[in-house]
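Inspection log for the structure reproduced underneath, given as structure tokens.
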Amino acid sequence: MSLTRPVSFITHEAAAKAVAAALEAARARHVAVVAAVVDGGGHLVALARGDGAFIASIEIARDKAYTAAVFGAPTDGLAEALRHSQVLLDGIASRPHVVLFGGGLPVRHEGLVIGGIGVSGGSEEDDRVCATAGLRAIGIGP
Amino acid sequence: MSLTRPVSFITHEAAAKAVAAALEAARARHVAVVAAVVDGGGHLVALARGDGAFIASIEIARDKAYTAAVFGAPTDGLAEALRHSQVLLDGIASRPHVVLFGGGLPVRHEGLVIGGIGVSGGSEEDDRVCATAGLRAIGIGP
Amino acid sequence: MSLTRPVSFITHEAAAKAVAAALEAARARHVAVVAAVVDGGGHLVALARGDGAFIASIEIARDKAYTAAVFGAPTDGLAEALRHSQVLLDGIASRPHVVLFGGGLPVRHEGLVIGGIGVSGGSEEDDRVCATAGLRAIGIGP
Amino acid sequence: MSLTRPVSFITHEAAAKAVAAALEAARARHVAVVAAVVDGGGHLVALARGDGAFIASIEIARDKAYTAAVFGAPTDGLAEALRHSQVLLDGIASRPHVVLFGGGLPVRHEGLVIGGIGVSGGSEEDDRVCATAGLRAIGIGP
């Protein structure tokens, strides 16, 4: 019997760097956002709210990071993958803390999901760009 | 480092005047409504329930005011702005305390969102008119 | 910058063996229980409800396993550790999903919390004995 | 009529600095903690979870910061102030998101509550010391 399985989670150091980079990318686009990073268990590691960002964005950013981490997929990619069935799409969309629009990305490293990042506050495109910038700052992504 | 950022919130005096004016506008239209005003942090400052208004309207009025304040947009205008993406619209609509039908307006002053007003109890049109009347009574709006 | 930190979680194989052993120990004591195992992130890995066990025990067993994992301590030991302050004890006891009576144990391996086990359905003593039996079946504990 | 009242909230810059300093103080004490800062409206501005901190501490740190901000008092000082009536103490303690044990401090500046900081993960004394260290890093406190 194998008692344990090795898991790899994003560190606080990397998470803090990613949310700071996401906020910087938002400033460059003249929007105010919230950025959040969760570990592979979906639990918050770092969160930063830019001055002037919508209060509503706090929970949305966290939920985008959570959704991306626990499904191991970008939030909008997940919506695409479910689109063949409206019942399925609606059913997943209505689960607690699930967000299916753009701005949430899994944090992948060596084939494993080590966390998720979520950005909220700008347009869907703004949020996507800032989340991607967050990942790039820690050496992940295209 | 900048320690603080200045924020401007609606006073109790103005909030009380706005909800009273909203109820008066409702009486003139022969409907009974609840009117609520929140500050820029989304927290209740004044609430008034006209005699005979639906109990369900208490929370709806509050949530309309909250939605308008935390997104800085009229509740129905927010729905319009999200309509290009059904997933996005459904996703925001299902967030706790978010209301996307008419009757919620942000309270803007000198470019800042200082609060939100929400009215519930009449038709969507009634609620919109009463919320607008509430704002006019404190010198805001068209 | 360190991107990841290694974490070790209990496998499904070990979790299934532990809950089965807990149910067997319960049968030997002529009680019906629910046994649950969560990983180090507090998420369910295995759950087994013996025939005749209280429905209420499903959530209690899960919450005991969760509490033991996320605090890294036996549920009743945690209560003991907090007993010096009634405000602290009451405050932790009222948190969502926290259980402070006996029957929850952390699953420790090589100094790390790899999960938690919780048993509910018998007396506190029954639940403790069954949780311990679950751990022994996977080579953990005294 | 006075339409607005000026409010002063902690910036993201200061909040980020405070949570980083709280984590540094925790490392010096060889404990792993979560630190959170909210603005004067009780809404999260920054959160950081040190590697190895309890998952349960995420919500507790946030709730301590929230409690300190919305009551304008240290979490343990609030408990002291309510101790003359057990019914009052229990009643406040059971409100959602209220935490009455040590580790939450209001962030005061020029007589106003501009936010709150909460630390969770160590002993009550550890948490208090780290929260105080967070405030000192932004020039606040004794």
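So that you can tell them apart, the chains are marked A, B, C and D in the order they are listed, and the count of residues begins at 1 in each.
Convention: contacts are C-beta pairs under 8 Å (C-beta built on N, C-alpha and C of every residue); 3 or more make two chains touch, one makes a residue touch a chain.
Note that the coordinates shown come from a computational prediction; the quantities given were computed from them, not determined experimentally.
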Same-interface partner of B-D, chosen from the options A-C, A-B or A-D, over half of the pairs matching: A-C
Chain A-chain D separation of Cα centroids, rounded to whole Å: 26
Chain centre separation (chain B, chain C; CA means) in Å: 46
Computed distance of Cα centres, chain D from chain C, in Å: 30
Contacts with 2+ other chains: residues of chain D: 11, 41, 43, 51, 55
Pairwise touch network: line, ring, star, complete, or other: other
Contact footprint of chain B on chain A as seen in their complex: 51, 54-56, 59-60, 76, 79, 89-90, 93-94, 99-101, 124
Chain A residues touching chain D - in the complex, by the definition given at the top: 11-12, 15-16, 20, 23, 41, 43-51, 55, 58
Contact footprint of chain D on chain C as seen in their complex: 5, 41-42, 67, 70-72, 85, 87-88, 90-91, 94-96, 98
Sites on chain D touched by chain B in the complex: 1-11, 13-14, 17, 39-43, 109, 114, 138-140
